[in-house]
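There are structures below to look over.
One chain, chain A, appears in both complexes that follow, with chain B as partner in the first and chain C in the second.
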Partner chain A sequence: MGISTLSEWTGQIHELVIGAGRGEGGTRSHSVRVGGERDLPYIGTPPSGHMPLVAYEIADDPALWPAAATRAVGDIADDTGAWAAYAEKECRPDLVRLSLTSTRRRGFSELSGIQQTVEAVLQATGLPLIIEGSNDPGIDSEVFLKIGEAAEGERVLLGIAEAGRYRSVAAAAMAYGHAVIAQSPIDINLAKQLNILLREIGLPPDRIAIDPYTGALGYGFEYSYSVMERIRTAALKGDTDLAMPMICSAPDSLTVKEVREAEGADADRIAVAWEYHTLLPATFAGAAIVSVRHPATVPLLKRAIASFWGGTGSGGA
Partner chain B sequence: MKNIKSAVNAGNESLKTRLEGMGGSFSYDETAYHLPVTFALTGNAVNTADEAQKAFAAAGQNPLVAAECLVAQQAAATGKEPAPYTGFIPDAVLRTLGYSLVDGSILGLMLVAGTPPNPDTAAGLCRELQEKYMLTFLSGDIIRSLGSAGVKVGAEYRLVPLGSRPLSAIHFIDILARVAMMFGGVTPGDAGRLLAYAKERAKAVVIVFPGLDDEEIAVIDSFRLLGIPVLAAGDYQGDEWTRVQPGDAVRTGMELRGIKVTVTAIPIPMACSPAFEGKSIRKEEMFVEFGGGRSPAFELLRVRPAAEVEDGRVRVIGPEIDGISEGSAVPLGIIIEVAGTQMKKEYEPVLERRIHNFVNYGEGSWHVAQRDLIWIRLSREAVAKGVKIRDLGTLLAAKFRMDFPDLLDAVQVTLVTDEATVRAKREKAEAVYRERDDRIRGMRDTDVDLFYSCTLCQTFAPNHVCIITPERPALCGAISWLDGKIAYEIAPSGANQPVEKGKIIDMDRGEFEGVNRFVKKASHGEIDRCSLYSIMEYPMTCCGCFECIAVMLPEVNGFMVVNREYKGETPSGMSFSTLAGTIGGGAQTPGFAGISKGYILSDRFLQAEGGIERLVWMPAILKEELKERLLAVLKAKQRASLFDKIGDETTAETIEDLATFLAAADHPALAMKPLF
Partner chain C sequence: MPTVTFLPTFRKIDVSQGSTILEAAQKAGFHLNVVCGGQGKCGKCRVLVKSGNVLFDREQYSTVFSDEELAEGACLSCQARVIENIRVLIPEATIVQEQQILIDMEDIPTDLNPAVWKYALELSPPSLDDPSPDLTRLLWGIEKRGGPREGSIYAPLEVIRQIPRVLRESGWKITATVALVPGGYRLIHVEKGNTATHIYGAAVDLGTTTVVVYIRNLLDGSIAGVGSSYNHQISCGEDILSRVTFARSGGLSRLQSLAAESINVALTTAANAAGIDRDDIYEVVVAGNTIMTHILMGIDPAYMIEEPYVPVVRRYLTAAAPRVGLSVGENSGLFIFPAVSDFIGGDIIADILASGMAGSEDISLLIDIGTNFEVVLGNQDWMFSCAGAAGPALEGGEVLFGMRANPGAIEQVSLDFGTLTPSYKTIRDQKPKGLCGSGLIDLLAELLKACIIDRTGRINTAIVHERIRMGRQVPEFVVAWREETAIDRDIVITENDIKALIMSKASVLAACQTLMNQAGIGRGEITRIYFSGAFGTYINKDHAIMIGLIPEVPVHQVIGIGNGAIAGANIALLNRKKKRLLDEIARKIAYIELNADPSFMDEYTRSCFLPHTDLSLFPGVEEMLEECRMRRVST
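Here is the complex of A and B:
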C-alpha cells in the first residue's frame, strides 16, 4: 500500500512452514510459509514477511457443518476425498483445512475412519493441509495419535490446542513432525500462557500458530480484532512468546442469524459477504492465515489480500 | 546374597570378554537409530563386531554399549524370542509410546527385572503400576510369574514383556535413548545432552528382584549414570541400590523421580481460572470482605515436616459464611502449611505471594496486597451459588499442588475467622515477616551484578515492571532480592527474571543500561528509562500493590510517605486511596512512587533527592511501626534527631501546618537544594 514504517519495532514473527514435498518426507506439491513480519500488516513496500494465505475448510461429517457451506458444494460434501479434490481444482485456496467433525458425534469410536479420511484427503489434493481433530478431552489422545500417524511427514498444521487440553495435539506434532494451532478465548494473556506451556512441553516456537478465536462480524469480531492487534504489537515489541503467526477462522460466520435466515438468491451472497467482511479485516489485525467455508469467498479474499499487499505475494514456496 | 560391587566388576569383565570374542554382522530392523544406545552415546552406526568393539572403546567401555551389541548380535544369530516377548521395539511403536509420555496419558517409565518371590507379589506390583499410569517394561522371570498369576501382558496393558532374560533390560535404555532423540532434540553422539535429558525429563525407575547374574547386575547398575534410581526388592548387598519392600517399591520409585498423579479439577462451586484474575469485585457486588483495614487479616505460608501436613486438609476456625451477615468485614487468617522433599524454608515468601494470584483465579473471589495487609472479597453471586469460606482453602490447597507439583507433596490450609485467634496468630506471623526481612539486611546493591524483575502484577497493570535489588524490595514489600532469586530457581520462566545490571548511567539516580533494556522489553516498549533511586526522574512504575506511596511536597521541599493502612487525609490533600488511584496501573509518575516499607529504611531511599533527610511526613502508625528500625538507621548516620522532625497527622494535618511544623523543628529538607 506504500505506507512506510512508522515505528521502530524490535521483534519479528516466527516463520511457520506448512506442508512437506516429496524431497522432505511428504507428498505435498509444495509447501507454504507464513509469518516473518517485522511490522504491522500491509505496512511497507513491499510489506515485511509473507502475504496472508487463505484456507478453504471441508468436513468429514457434513451434517455437522453450516448449511450455507454444504449447499454451495452439493453432493460432493458426502465424499471427503472428492471434496478435497474439488477444493484444489475449483476454489484454489492456499491450503485445505480438514475438520474432522465426525469426532464430535456422541459416542464416537471410528478411529480407523479418521485414518482413512486423512489418507483420502492426502491422496486427493497436493495442497498443504490444516487438520482439526476432536474437541473432547476424553478421546483427544487417541484421535490426535491417529491423525498424527496418518499424516506423518506431511507437516500439517494440527488443531486445536487449548489451555486445558494441549498435550495430545503437541505430542502428535512432536512425534510426527507437525505444527500446532494454539487457541485461546480472545485473551492475550491466555494466548501467551498457552505458548509457554507448549514451549515447556518441548514444541519449538516456529511450529505454533496462534488462534486468538475469531468472533463473527457483528457478533464479537471487534474483540478478536483488538486482541489480535495487541498480540501483534507485543510480538513486534519483542515478546517472543507471542511472536507466532496468527490463524483466524470465523466458525460462526455462516451460522449467524442473518446468514441462516437469508433466502433465495440472497442466501449465498450474504454468506460470502459475512465471511469476507469478517476475515479481510482479520488480516488487517495481523492474521497470517484466514480460513473460510464458502467456496466463493476464497477467490474474493485472495484477490483483496493481494491488492492490499501490492500485487505480489511471497506466500508460496 | 549378591554383592553389587563385586558383581559389577565381574560382570563388566565378562561383558568385555564376550564382546571381544564376538563376530559377524547384525542390526535391528525398523529403526532409523541403528543400535540406539550406542548411536546416541557415540554417534556411531554399528553393524559389525569390529564396529561394536570400536564403539565400546569410544564410549569408555560403557557396559550399556557392550550389552546392546551382544543382545543385538544374539537376536541376529538366533532370531527374536517368540511371543509374548517383544525384543527390540521398532520406531513406529516407540513413537506411539513417546506420544503417550508427552501427551501425559502415561506418567513415567518403569522397568521390572528379575525373579519375584511369588506370582502374587509380581501381580500386585504391576497392578499398582497400571493404576498409577506408569508404562512398565518387564524382563526376566517376572513375565512368567505374571502369566501364572493370570495377569495379561502387552503394550495395550501398559506392561511390555521385553525378554525372558534380564539382559533384555538393555531395550529399556534403547527406548529411552530413542525418545531423547525423537522428542528431546538430543543429537546422536552428544552423550552429555542424553544424560541431561534422561536425568531431567525422562521419568524412569528400575525395580530389581533377585536372580540377576553378574553381567545383568553390571548393566542395570550402569542405569544409575542416567539418573535412573535402582530399587532392589531382593537380596543385593551394597549401598548402590535403594532397598525396598515390594509393596513400597512403586511409591518410593515415583517419589524419587517426582512423579505425581495430578489434581485436575477443584471441587468448589466456583469457576477457577487465570481468566478471572483481572476481574475486581466492587463494593456493590460484594457479600463479605476480609482485611483491607476494615478487619484484622493476614496470610502466612510455612513449610512443615511431612508428618504434620495432611494433603488437602482444609479447616475453618470461627464462623462460616452462613454465620456472617451480608456486607460485613470479617477477620481472616490464611495459614498454609506445606511439605515436600524439595521444599525449602527460603521458598516460603515466594510461594506465599502466589496466594494473591490463586485467590484472584476464583470467579467470585478477589485479593490485593500481602502479608498482614491483605484485602479479600467474596462476591454476592458466588455466595449465592454456595461458595463458602472453606472453598477458598480448597482452592488454595489444590492450586498450590497443581502449580508446584515438583516442590510440594502435601498442602493443608487453615482459615481463621475468629477475631481473637486471628489477632493472636497475626502477631506470630508478623514475627516471621520480620525474620524474613532481616535475612536480606546488610546486602548492598553494589555487591551483586544481577537484579530481579517482578511482573506478577501485569495481569492488572500490563506494562508494570518491578526491579528488585538487595536495597530495594518489590514495592509490595513481599518479595526481596533473595526471594526473586529463589523464585527464578523454582520457575525459570516465571514472573521473576534475572536482570543484568549492565553499565552505570547515573549511580546517583540508580540508572543502569541493563535495567533500562530489560524494562523497555518487559513493559512492551512503554517505558524507556527507569531510575531505581530517584522519584523525580524516571521513577519505577507502580502496579497497585504498593505498601506505601512516596509523594513530593514542593511547598516544603521534601517528600511524604503514606501507608496503605492509614485512612485519613495527608498534607498532599489526598488520601492513600486517592493517590493510589492516580499513580497505579503501570504508569511512570515523576514525583510519586509506590514503595515498600522496607525501602524507607534503605540507604538508597531518595538517594538522588538527598536521602532520608527529605522525608518530612509519615502517618503516626507508620512512624510507630518503623520507629525502632528507623532510629537505628538514623543513628548510624548521626541523624537521630531527624526522627522527631518528621511530621505526622497529630502535628500537621495540612500542608500549611506542615510548613509551620517543619520550620519550628528546623527540618533539614527546608535548607536543601530546591527539588525543581
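Here is the complex of A and C:
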C-alpha cells in the first residue's frame, strides 16, 4: 500500500539536530533529529525523513501560563527545575520546551535569574531543549545572549525570531551553536522572507525551524494547516528557503473559551482534547515538532503519531 | 463673526464660528496643501496660530508635531476650528507650490491629418442671373477649393445667422472653417478676409494634479506654444477620491468650472507666449483620467467609485468646447479620449498611443505612476490592464520629510559605502527641504546596497554610526544634517517611511506580476517597459529595478516616454486617423480588477520585500546584492 509521490518532487527538508550529548560538547542524554522528508507526511512507504516529535512546555513564571496547564501539575510549577524533572519522568516527551515567561513582565531585569533557570533545567533533565526567550526588542539582545551562553554547547532550539526582531536571537544562536525558531504570522511568503533574512545574516539553513504560527482548532487552525501544506509543497518542489522542518505549538489551545469555561472532571478532558485535536492534524500538514502544555496530551500524541507512522519511526534517537 | 488674519500678507477674512482655518484660507484665496482632502490624515496643511485660540486636539496630533512646534502654535488647518479672532501664519511649505510640471514629451512623428480646415474664398456676389442663396454659394466655394462636397457640409443655425452680414461686409472675401465631427462635415466658423494661416488646435493633458496644454499649428503641425497649470481642484482635495467625495456633496459644478478654469489658464499662457488669439483654436483634444474627464464634461462621477465601478461612458466624447467653459473659438470642437474603466482612463489610452505598443507584435509593459498607478501589458493583438492605489509615498506623501518635486527637494542620492555619507542633488540646487519620489527610490536602493536596511526595510540599529539613530518612535537614518538644510531640522528617513515606500512599490510590482500571470508571460518575454509620467522620467531606472518597483529586464529596455498623456493627445490632434484607433484600443483592453483577483494579495505580500520574495525573478539584482553583502562582511 501507499502512494508513491517521489517522482514529482526534487526537494528535501533540511535535517535539524537538537541537543548535544557528552561527546559533542553538551550534557544531553541524546540528541534528536527532525526533517529530512522528501514527500508529504505519512504517505511514503517507507516514510521518508524522521518521525514527528512531541515537546512538553514548561514556564519559569507560571502566573503567565494557562490555568489548565498549571492545574495539571500542581505545586511543581513553582520550581522550574523540578517541573523539568517531572516532565522527563512523568510525561516522557521527546523534548522539553522552556518558556521564559518571566521576561514578559514589565520592567524585567533579572538577567542572572535567567541563567540560573536555564542551568537548573539543564541539570534536571537530559532531554534536548527548546528555549523561548523574551519578545521585547528592548531586552532581546541581553536575554538571548544570556540564554545562549548558559546553554552553550547544548544545541538548543532558541526562539522566537520574527521579521521585526530576528537579529538578537540569530546572533545568540550563531555565537553559541544553537538553532532558531523562525515564526511568521500564517503566511507562506512571510515565512520565506524571514528565512532569507536569517540566511543573509549567516545562520545556516539546517539550524532553522519554521513556526508558521498555529491557531487553535476552531480558532483559525484550518488557515495554519493550509499554509503549512503550501510551505511543505513549495519546499518539495525545490524552494530551499522553505525547506526547513516546521514546529507547531498551539499556545491558544488552552485558553479558548471552551477550555476556560469547562468545569470539574470535564476541564482536563476538554483541555487535552483541544491540544490533541489541534496538534495531531498539524503533523498531517507537515509539522516535525508539536509542543503541548498539558502533561496528559503528551503520551496521547506520541502514541497516535507512532501509529500513523506505522511503527517504523526512527525519530528520537 | 470672528476674523482670521493670515500672515505674512495680513489678508483678513470673516468666517462663521466653528469654520476650520482651512475653510477660511480657501475663502481668502490661499491654496493650501491638503493631500488627504481635509481629513486630518496627511499633516501637510500645518499652520501656526500666532494669536488667539482655536479648537484643536493637540493630544491627538502629538505625533505629527514636535513639542516646540506645538508651543509655537502649530496645528492642522483642516482640523482647527475658529472660535475667536486669530492671526495665522501660513508657512511656505503649506502653500501649494508652483509645481515642477512634466511638460516634456516624446514628440512622436505622425502624419498631418487634422480634423479642421480653413478655406479662404473670394466669392462672386449674387445677381439676378445668379440668384443662388448665400450658404449654397459659400459651400460651393469650399467644394471648388477642393473641400468636401457642398451637400455633405452641415451648417448650424448660429453660423448661418452670421453668413449674410460677413459676406457682404467683407466684399465677399471670407475664410470658412470646416471641421470633421462624428456627424460629418460641419461649417463651424465664417470670418472676414483671409485668415487661412491662423488655424490652431490644442492638446490637453488634464491630470488630477496638473494640466498641460500644447498649441499646434494645424497647417504644418509645428508646436506653437506650451503652457501648464496645477489643477485648481486641488483646493477641494488632493487625491481623486476626495474630489469625488467633494462632487458628491454638491460640488460637481464647482469642480467642473475649476477644471475648465485650469485648462484655460494653461491655454492662455501657451497662447500668449505664442502670440495666438485663442479664438483661432478650432479643436481641443483632452486626455485625462476617467474621473477628470467625467468632471470636465459635467457627468456625475459618484457611481464610479462604488461597486461595480462602472464609468458612464467608454467611447470617446465630443462636444462644442465653449459648452464646458473652454475659452476658444465659439464653435470649436472638443474631443475627449475614451476610457476603459474607472481607473484606466483616456490618459492611459494616450500613453498607449504614444508608446506605439498597440501597433507592435512585441509585448510591452506600460506603467504610469502618479497619484494612482496603472499598468498595461500587451501588444497589437491583446492587452490586459489594471490599476491601483500605490499610496502617496512614491510622490513624497506619508513620508516624514517627503515632498513633491519642487525646488529644494532632494531628487538624487548616493551613499559612500565606506563612510555611509550621502551625497545628494536637489532640484534647482537649493538647500534641501525634503525628499521627492526619485530621491526616495535612490535612498532605498542605496540603503539596501549599504546593508543599512534589510530586505524588509528595517534599519540595522546594530551598526554604530551617527547617522543611524533612534527617532521619536522608530529608527531613522539622517540624510542631511540641520546645518545643510533649508528647514533648520535634520532631514531623515524613518523606518516607517521605508515601510510606506515598500508597500507602495509592492502594489506596483504585484500589479505587474498579476497581469503577467494572467497573460502567462514571463519577464523574459517583455521587450519593453514604458514608464509614463513625471515619476518615470526622473527616477534612476537601475534603482527602480533594484528595489523591485518593476520587473527585472535589461535596463536599456526601460524607456521613459515623458508625459505620455500629452504626447498621445498631440498625436490625436494632428492625425484624425489615430482618433479612430482609440476606441479600438479601448475595446481591446481587458481590465483586471485587482481586488477581485485572489492571487493579488499573495503577489503583494511577495512583493513587500526588496526586491521580491522570489529572488530568482531578479537575478541581476541578486548578484549585485551578494557583492554588497560580501563587501560588508569583509569590512
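Assorted remarks:
Keep in mind that, in the parts below, the second predicted complex is superposed on the first by the 310 of 317 C-alpha atoms of A that agree within 3 Å, B and C clash if a C-alpha of one lies under 4 Å from a C-alpha of the other, contacts with A are read in each partner's own complex, and residues count from 1 in each chain.
One rule holds in what follows: contacts are C-beta pairs under 8 Å (C-beta built on N, C-alpha and C of every residue); 3 or more make two chains touch, one makes a residue touch a chain.
Everything numeric here is computed off the predicted structure, so don't read it as measured data.
If you put the two complexes together on chain A, you find that chain B and chain C bump into each other. In the superposed model, A:R167 makes contact with both chain B and chain C.
Contact with neither chain B nor chain C is seen for A:N135 once the two complexes are overlaid on the shared chain. Legend: residue contacts after superposition of the two complexes on their common chain; A:Y176 is shown touching chain B, with no touch to chain C. By the document's definition of touching, neither partner reaches A:Q115: not chain B, not chain C.
Once chain A of one complex is fitted onto chain A of the other, the partner contacts of A:S226 are absent, as it touches neither chain B nor chain C. Of the two partner chains, both chain B and chain C are touched by A:L190. In the overlay built on chain A, none of the stretches 110-118, 236-244 or 326-334 of chain C clash with chain B except 236-244. Comparing the two complexes, residues 167, 187, 189-190, 193, 196, 200 of chain A contact chain B in one case and chain C in the other.
Residues 95-96, 98-105, 182-185, 274-275, 277, 458-459, 493, 521, 524-525 of chain B touch chain A in their complex. Chain A makes touch with chain C in their complex at residues 163-164, 167, 187, 189-190, 192-193, 196-197, 200.
Taken together, the chain C residues at the contact with chain A in this complex read 454-456, 458, 460, 462, 602, 605-606, 608-609, 613, 615, 629.
Put simply, chain A touches chain B in their complex at residues 10, 141, 144-145, 148-149, 167-168, 170-172, 174-176, 185, 187, 189-190, 193, 196, 199-202, 233-234, 237-239.
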